[in-house]
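Pasting a structure here, questions to come.
Chain lettering (A, B and C) follows the sequence in which the chains are written, and residue indices restart at 1 in each chain.
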Amino acid sequence: MSPAAAPPVPSRSAPVEGYRPLAQATLVLAGAAGLVALGALLPRLARRARPAPAPAARLRRGAAVLSASVLADSATEHYRGSYHHRAMFAAPAMAGATLASLGPGTGGPGVRRATQRSAIATGLAGNLFHLRNAMRRPGAPSWETLFYAAPLGAPGALAMAGIGGLVASGLEQAPPGGETARRLGRRLALGTSAGLAATSAEAALLHFRGAFHAPAMWLPVTLPPVAALALAGAAWRPGERGIGRARGLLRATAAMGLLGMAFHARGVARNMGGWRNWSQNLQVAPPMPAPPAFAGVALGGLAALDLMEAP
Amino acid sequence: MTRYPGYDVLAKRDTPSWDEATRRVVDARLAGPAARPVLEERDYRTLAALCDAVVPQPDRAEPIPVAPVVEAAIAEDRTTGTRFEGLPTMREAWGRGLAALEAEARLRHGTAFADLTPETREALLHAVDAEEVEAPEWDGLAPRRLFRDVMADEILRVYFAHPAAWSEIGFGGPASPRGYVRLGAGRRDAWEAPFAPPPDGGER
Amino acid sequence: MSRPLGTLDPSAETAPRAAGGRAPDVFSREGWVPMRCFRDEDEVDFAVIGTGAGGGVLAARLAEAGFSVVALDAGPFWRPLADFASDEREQDKLYWSEERLSTGGDPLQFGSNNSGRAVGGSTVHFQMVTLRFRPEWFRARSDLGYARDWPVDPDAMWRYYAEVEAELGIAGPVRYPWGPRRGRYPYRPHEVNAAGHVLARGAEAVGIDWSPTPLATVSAPRGKAPPCVYRGFCKIGCSTNAKQSVLNTFIPRALAAGAEVRDLAMVGRIETDRTGRATGLHYHRGGRWRFQRARAVAVAGYSIETPRLLLNSAGPAHPDGIANAEGLVGRHLMPHVNDAVWGVMDEEIRWYKGPPSMAVSEHWNYTDDHPSKDFPGGYAFMSQGPMPADFATSLVSNTGMFGQALRNRMALYNNMAGLKSVGEVLPDPDNRVELAEERDALGLPLARVTFSYGEEDRALSRHARAFQREVLEAAGARDLFETTGTAHLMGGCAMGATPSEGVVDGDGRAWSCPNLWVCDGSAMPTGGGVNPALTIMANAARIADTIIAERAPDRRG
C-alpha cells in the first residue's frame, strides 16, 4: 500500500458571481431594447408637453435614437477597452446627457444647447482620440488596425446626434416656413446623406471583418448608400418623385436599423455559449445597439424631406 | 509566494468558463487517483522525495499531491510516445531509476534518498543531470534523459495539472465555452486573475 | 499499451464509435450522422489509411468524385463539444502515445510533439498555423541551389493552396507581406494578442516585416462552427469547433459523400499479389484482425507510420517492403528546427489567451542574400503561448531547471513572451525510420527512428536563436533564455521524379506498386520553413485530382 493517504480535496470557494444566465440575458436584452424605445419615445413625450411641428419632432426623435445607440454602444465598447483612459467615460456620459437634453423639460434651452454643442465637440475629439489610438498599434496603418483598434468614425455619431438636437431646437424656437424651410431642409438632407454614408461605411468595415458570412450583412452596406444618394438627389433637384423615392428608402433604412438589432441578437446566440456566455458574447458578438443608429440618421433624413415639402 | 494571492481558478467552476467535460475531469482529479499501488514502500518514499525536490512546496499548507498521481501513471503504464535510446520501457525506467537514485544516495551519503536534506537532495539531482553518477544501478540508464524527460517531465505534468498550480501562476485555467475578450498587454477580463505586482529583476 | 488515456469517455478509445451505419456527428454532443458501410469482402475503390491532413482530404475528394472509399484510422472518433476538456492532462488522449524508439545524434520526440492519433489526425491538435510554401521551394535545387526539387508544378500547388484555404475558411491578413500575390483569405485575421504584439514591436524595431498569422480557426461563424473565443487551448484540441480541423471539415464531407470512416482501426499490413499490386489490407479493430479488400490503397499515416506500414508489408514482389525496391522507404525523414527564445516583459502578457501563434515573420524564408545568412533554406518564427505544463516541461527538458528555481520561473508565466522558429532541415538519407526487433501489443514491429542534425541545420538553428533573441530584446524582454527542439515531421516516403529519387512519383503513386499511393507529410521531398499542414492538404487535394482525372469511376472501362 502507498504510504500516502488519498490526497485531500481542496475546499471549493464560492462562485465569483451569482449566475443565472436566462435572467441576465433577458435583462440585457430588455435593457437594450428599452434604451432604443426610450430614445424613440422621449421626443414624443416632449411633443406632448410642448407641441412642435412635425419635422422638428422627427429630427429630435432621430437625434434621440442616435444618442441612445451611442450610449449603449460606447458603454459596451469602452467597457471592452477597460475604460483604460478616463476620457473613455466621456462618450457614454455625453451620449446620456444628449439623450436627456432631447427629452421633455430637462433644463432650460441654454443648458440643452450647451449639452448638444458639447456632444458635437466630444464626438469630434473622439475621432481624434480614436485616430491616435489606432496609429499607436503595431502595424498601423493597416486593415488590422481598422478592424481592431478604436473605430475611427464611430464618435462622429455623437456629433451627429448633437447637430440634430441643435437643429431641432432651432426649428422649435422659430419654426421656419416657405423658402427658408425648404432651404434648411435641403442643407439638412445633404448633411444627413453624408452621415448615412459614414454610418454605412462603418458597417461595411465591420461586416468585411466578419467576412460577410451571412447574406443579410450586405443590407446595411447597400440600402443606406442608395437612400443617401436618393436623399442627396432630392436635395439637389427637389421634386415630388425624388422626395417620394427618398422617403421610401429612408423608411426602409430605418426599419433595417431596427431589424439589424434582431440579427445581431441572433449573432450573440450563435457565438460559442450563446446568451449563456453573455459576459463574453455581448462584448465580441455583433453589437446590438449599433444598427439602430441607421434608424436615427434616417429619421433625420425624413425630417429634412418634411422641411423640403414645406408650403 | 504566489504573485496572485486570493486568486482561485476553482472560483470559476460554476461560471461559463468551465464546461461540463472540464468539471468532470477536474473534479475527478481533485478526488485523487484510484489507488493503484505498484511501487515497493522504499521506492515510493524515493518517489515522494523526488517529487518534493522537483517541485518543493514548503509554502503550501496543503501541498499538491504529486507522488500518488505519478504512481498511478506508472501503474497505468502511461506512455508519451517516445522511448529514447538508452532507456527501457516507461515502467521499467521508473522502477530502475528510483532504485538508482536510492543507490546513489546510499553510496554518496550513506543514507536513503528520502532522508537527505533538501539541499543535498537537490545537489544529488544536479549531479544526476550532469551524468556524474557512481552507483552501478545506472548502467543502461541514460541519467539525464531519465531525469529530465521521464521523471521530471511526468512530475511537472502532474503538478501543473492541479488547479492550485494554475492559481499560483495566475493562469486563467479552464476556458470553454467562455474564452477571453481583452487580449492586449496589461489588459484583463473581469474573470481573470487581478494583476500581480510587476516582476522584480527576475532571478539574475 | 496505455489506452484509455482520457477519463471523459474511455470507451471511445477502446470501442469503435463509427459502426452500424452511423458515425459521430462532430457538431453535436452525442448525435450521429448516417454512414454508408462496406463489408470487408467488398472490393472498394480506395482504402485510405489515416484520416489526417493527407488522408482526410483525399478521402473526401475521392468520395465526392464517386469512388467507393473506406478510410481507416488508428485513433478514436471524437466529438469535440463533449469529449474535449480544458485540461492538458485529459487531452493527452489526442496523441500517438504508443512508443517509438528514438535514436541518433539528436533523437526526436514524438507524441504530443508531432503525432496525433485520432480521426482527423494531427489537425485535431495542430496550432492552426496555415502558411504556404515559398513557391521557389518546390524547385529548391534548381532555383535556390540546395536540397531537391519537388516533381510537381509549383503553380498547381499555388492553386491548390487557395482551394484548401477556401475549404478550411482560413482567417488571414488582408495583405500578406511575403511572396507572390495571393487571393483574399476567406476570413479576416483575428485580433493579434499581446504575445503576438511582442513579436510585432520587436520586428518593427529591427526593421523587418511581420503579419497576423493565417490561422485555421474562424473569425466569424462558418456553417455550424462558431467564431473563435480565444480560449487558448488550441494545441490540445478545440472544444468549440471554431478550429477548422480535418475532423470537422473534410471528415463530415467524406461521410456525406458516402465514404466509410472506421475509427480504432489499426492497419498492420498491406497485402500484395504476385504481380506486386495491392489487394487489400489487414487491420485490427474490435479485438481482432480483419482484411479489407481494395482495388487501390492510399497510405496517409504520416512520416513514422507510413514507412512503418510499408516496411512491414513485404510480399512476393516486394521482399523488402512495399515500394522499397530502391531502399528509400523510411529515408530522408525531416523535422523542423523549433528553437525558441523566451523572456520576461514588464507588462502582463497572459499568453494563454488566444491561439498560441497569432503573429509571424517569414522574413528569413524570403531573404536569400544577407551577410549573416550562412545556411540554405529558411525559417519562419512566431509568437508563443504555451500551456503551463507544456512550458514547465520544456524548461526542465532544455535547461535542467527544477526545484525552487523552476517554481520562481513559472511564477512569471503571465509576464513571459517567446518567439519560436519553424526552420528547414535538409533531407538526409541517414535520418530514417526502420523496423525494430521489438513488437507492440498487436505484434507489429516498433518503429525505430534515427535523427541527427547536419551542419547546415545547426547553422540555421544558431541563426534563428540569435535573430529571435535580437527581436525579443528589441521588444523589451529581459532575462532571455533559449530552448531547442524540433517540431513536425516530413519525408520518409518522398515523391521523386525517378524511382531512384523517391518512393512515389509526383502524383503520389508508388514507383514499384501501381495501385498504391502515399498521400501525407511523408511524401514531402523537402520540409520548407513553415508548418506543413496546409502543404500536406494542398498536395492531397492535388493528388486526389490526378487520381480523379485518370480513374474517375464513370471513365473506367
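Methods note: contacts are C-beta pairs under 8 Å (C-beta built on N, C-alpha and C of every residue); 3 or more make two chains touch, one makes a residue touch a chain.
Not measured: the values here are computed from a predicted model.
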item: Chain-level touch network, classified as line, ring, star, complete or other; value: complete
item: Between A-B and A-C, the pair with more C-beta contacts; value: A-B
item: Closest chain to global C-alpha mean, per-chain Cα centroids; value: C
item: Euclidean distance of C-alpha centroids - chain B vs chain C, Å; value: 29
item: Centre distance in Å when chain A and chain C are each reduced to the mean of their C-alpha atoms; value: 46
item: Interchain centroid distance [CA atoms averaged], chain A/chain B, Å; value: 53
item: Shared-contact residues (touching 2 or more other chains) in chain A; value: 272-273, 277, 280, 284
item: For chain B, residues contacting two or more additional chains; value: 176-181, 187-188
item: Multi-partner residues of chain C (each touching 2 or more other chains); value: 191-192, 197, 229, 240
item: Contacting residues of chain C [partner chain A, same complex]; value: 173-175, 186-189, 191-192, 197, 200-201, 204, 210, 212, 219-222, 226-227, 229, 240, 242
item: Contacting residues of chain A [partner chain C, same complex]; value: 137-139, 142-144, 147-148, 208-211, 213-214, 267, 270-273, 277, 280, 284
item: Residue ranges of chain B touching chain A (in the complex, touch as defined); value: 8, 10-16, 30-32, 35, 37, 39, 41, 44-45, 48, 62, 64-65, 67-69, 71, 163-164, 176-182, 187-191
item: Contacting residues of chain B [partner chain C, same complex]; value: 1-3, 18-19, 21-22, 24-26, 28-29, 53-56, 76-85, 89-90, 122, 125-126, 129, 144, 147-149, 152-153, 156-161, 165-166, 168-181, 183-188, 192-193, 195-196, 198-199, 201-204
item: In the complex with chain B, residue positions of chain C that touch it; value: 1-2, 5, 7-8, 82-90, 92, 95-104, 107-113, 115, 191-194, 197-198, 228-233, 239-240, 344-350, 352-354, 388-389, 392-393, 396-397, 400, 402-415, 478-479
